[in-house]
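Naming follows writing order (A, B, C, D, E and F), and every chain is counted from residue 1.
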């Protein structure tokens, strides 16, 4: 399944919370799929869905991490030009929070190239400026210094760690108010198949709660609750 | 003194800041009553006041912390059903911030049962959903994964730690924009007695500041300031 | 160059972001000028610019850090009265985040004395109250307990550390949405001289991005970009 | 299976490393059984094996955590007297490392009562003194202050967290140079059954390495290595 | 009371553990006197006792923290020459552990000038070299980089923080296997007066433990234990 | 210059401390070359010198980090077989300290293949076993769990971060009692050229200290000290 704003994948997951995705993946034995660090850069961001395009930084070393390095062939600039429209850029900034990986200019270019979102365990710089670009961003905050004050860019489309989670180039990323999760490439179809039903069931439970039904036996459902739910669901 | 929205306790403390409470308790030798972690989940929450109903988690172990565990007799579900209206649920999540202790369904049930507030050093999940429940929450943020990804629920109404502070079932909790504090059960009456006068004095000081009075001698007051304050106070 | 709301310094830097300042200082070999911790206390604060007036705390010791200490000659109260109008108070709170250095009363007095801003790696208390004072504040959050619960005030106008950065009394501080940076006293004139041109160039780059120009060769500029920019700039 | 120095359990596990136990438990899906914090208090401690006897602390509150509290019925003293010989005391100190949970006197009493070992994510005090007691201890270091400076004791034989791991009263603890692991009560027999064979196989691999056999195909073994090992094993 | 190797103060405290000192100070309401960080640099260091001579660092800034700065009038070199024999140098390194405050040369000079000990929440460099100087050191470990890679020296004999504890020039420092504690100048005589009796009582308790006496009623002593102890003590 | 036990590089640096190397690199503007985390695994390790052979881990994901993964073509096993004799293996374990990257078997194979040393910001497992292999190791401690409990191996001979420092395959690593430093490939010859003279000068200073010469003017040397040193040096 391919991503992109109106892709079948994006449509299928558009109403599925990251909370539901983590529950489904935990039932398959995956407990470590939610990235520690990335948060919506502003209130009201729509859920973002796309295939991961990875970028990797290592720590800064003064002989490598210089403003001059920004013009080298392997640079964040080249990486941005290599991104396909609709992807989600996932940046391994090693959790460094005192050097901003990108500012307004790079975010503006990403927005123009149709990148669906930027997700990082690092921080951005020039917060006022990047908000004007309207690129959807999940990050760990803002810091004034340039990336080279703390980080050296090394490559793109490699396996990375982001917020304590492994991300590979083929994986699917979903980000919303609870942060960002990875769906391993091999599990995407299965998650999509289960997600709609899970959301439907939880919405029904919320209506039951609204009627005053107590939790035990309702959520998780015992057999009679399950039967009652299925009967109501099938009636519709 | 009993709690609850219109209880004498809630009325007595409704205009008393947590800042004032910590000052009063420090004067009695208690320096560690403010919980590190709990923050208002949204702007504009009214001050919450109530008796603590404690819940306790330990770390997750894959043989214990499973979706199946949610249906066991000792579960967060049963704990919620055991809470009296007007209490403040205080949850020891051991500061774990990558697994959400509750989501929208449990919060909706707590709201419906008349719980005054939820306070935890952990995080919630499905932030968008829990905001719709209107349960007042003080927590350390949001994370998508379910509690069982990081925590195992073990019991309720035991002594707990929350944000580095000891909380016992009989204690009183007050939470506002500065976070949440505990008033040990044995000190509640005394704090209530002193709080109103302290707030009255500080309001008078703010008016003096507004008139351009310098700080030394004013706050803390020297003898002549104290006399001037008392004269004005008694005139009213 | 002297500071103050309408001083030449404040005018010269009023449109210069802290991001630009850190880039300029990095080019001079200074990589550690952005303070870890201070954040705008509310959205929409205008950029603050001023000379640093430093305050220094050490950890609390129960025999020293008492409410009584607030009336001593060396106290935060005396420090506030010694501040010149237009300065930025920079407070070394050693990164302590569970004791508020100041509350509404001290902030109100600072506002009245014309202090341009308060910057600290610590936290404030009585958040609701300090917001009413309208003092511009960059801090690491809020906590209810008084400073004496965690800190002892020792002196003012000494060299300090704030958020992992050295600040001396003669330095210039600039704070905006990305936090707070120090410009060492000896480098202020040079930074001011370079900053306007840097901002002008980056604004031109943003317009180029808006036209769809790709990043490589544009930012950083290669020779032909540089020539094109200079031609357009000189035309104006 | 019961513990104790010469118990069948202790004999069965006496040559099994905690490294091997974690590998076996990971193969059953348990990834979080090694406690972060506990280290051997001195070089040369023999492997300790026993059933967990749990103790639980919460943070200190000045009205609770006093030298007077040491004489209360629920105290660490009473807990020590309740421990059966051969058990391993596992103490949830919430990772507090600036207050020592026990000193020489309590350790001497534990040694005399035949406690197999003390395991904690906290620290001990009077390091010189506790070494003379010869009680085997795994802890996070030493600190001079008494427990009441940072902790309040609340109960024993409850579920606890220790170093980020859940420990229940029936579980088995094994501690060696790599630290301390928990074997959930329900998995002890299975681990014991697999452990001897795993150690035998790894010892054979070490001999193969000594002969210059390369790693790929050897460890983990491919089919021909597996066959070769089994043939040699069965010959013995 | 003055310090120095054979001073009455050193003699009075030579058999008093830092554990006992923290217990005595806690009974006077001081819970924060043990420094987090300083550890004996090698096994077998004798207890060190002396008056604090304080040094203060702030974070490094590249324009200040240079090898050239080592020759300035306000330098660690000058500070060392200003230290009186018998003092304990207490260095506020702000907990920085990736830049060594001193190496073998400075330690050799301190040893030669008769400094009783060096205590810091930072680290030393050239560990092999400093061990040959035989200066007694309590520190947070070792790191190769020079101080100027992370720290700027600013002054001596000011109030400092060290490991989260306030230290003033007149205070007394005691360091042993459990780390380092401060006795505030005003409390030294009282602590000395109580310490010998406390150590005598605890030694008696250890002998009672050796006889198999259970903990409850013994430690802390109930009335009959207290009477028994006092009778035995007075007989001697 | 090539590495290896008796290589000219190893001979040239065999008496040069990591402390001296960091001082020389700082004078060239490199302040971040010392790795946070790696420590000698036991006392008495000789200084290790060699070219870096890098290995890279990302965080564990249960679908990737399995015992089965150990047999895949891209595995730590294959990486070890690819290492040239005399190299220093530098492992980016992302600072994870609760899963051991290697145990006794892999270390035994590395030793047999002539690897000069293993340096990592992670931990080892089966500490007792790896000590018997006599492979020189600098690491952040020991933990029982296998690497797959926390880490996924992804590649070798890529740029990595280790302990907050960038390491590239061509760089030179030196490790001693103070930990491990990187000398960027392009700076090796220059460092070697300066190092011997620096060590000679510092040894002379230590002899001067032994004669009672005070620090100011001696270290750093003023002109007359410099002249005196050079005269004595040239006499030899």
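What we mean here is this: a contact is a pair of C-beta atoms (placed from the backbone, for glycine too) under 8 Å apart; a residue touches a chain by one contact, two chains touch by 3 or more.
These figures come from a predicted structure and were not determined experimentally.
**Q** I need the pair from C-E, B-D or A-C whose contacts repeat those of A-B. Over half of the residue-number contact pairs should coincide.
**A** Checked against A-B: the matching pair is A-C.
**Q** CA centre of subunit E versus CA centre of subunit F: separation in Å?
**A** The computed centroid separation for subunit E versus subunit F comes out at 32 Å.
**Q** Averaging over Cα atoms per chain, report the distance between subunit A and subunit D in Å.
**A** One centre to the other, that is 39 Å.
**Q** Report, in whole Å, the distance between the mean C-alpha point of subunit A and the mean C-alpha point of subunit F.
**A** 36
**Q** If I count partner chains per residue in subunit F, which residues reach a count of at least 2?
**A** 29, 31-33, 60, 62, 164
**Q** I'd like to see which chains touch which, written out pair by pair.
**A** Final set of chain pairs in contact is A-B, A-C, A-F, B-C, B-D, C-E, D-E, D-F, E-F.
**Q** Show me the residue ranges of subunit E that touch subunit D in the complex, using the header's touch definition.
**A** Checking each residue of subunit E against subunit D gives 17-19, 21-23, 26-27, 31-34, 36, 164, 176-179, 181, 202, 205-206, 209-210, 212, 214-216, 219-220, 222.
**Q** For subunit C, which residues count as touching subunit B in their complex?
**A** Touching subunit B: residues 60, 62, 67-68, 70-71, 75, 77-78, 80-81, 97-98, 100, 103-106, 108-109, 112, 125-129, 142-146, 148-150 of subunit C.
**Q** Which residues of subunit C touch subunit E in the complex?
**A** Contacts found on subunit C: 29-33, 58-65, 94, 152, 154-155, 158-161, 164-167, 182, 184, 186-187.
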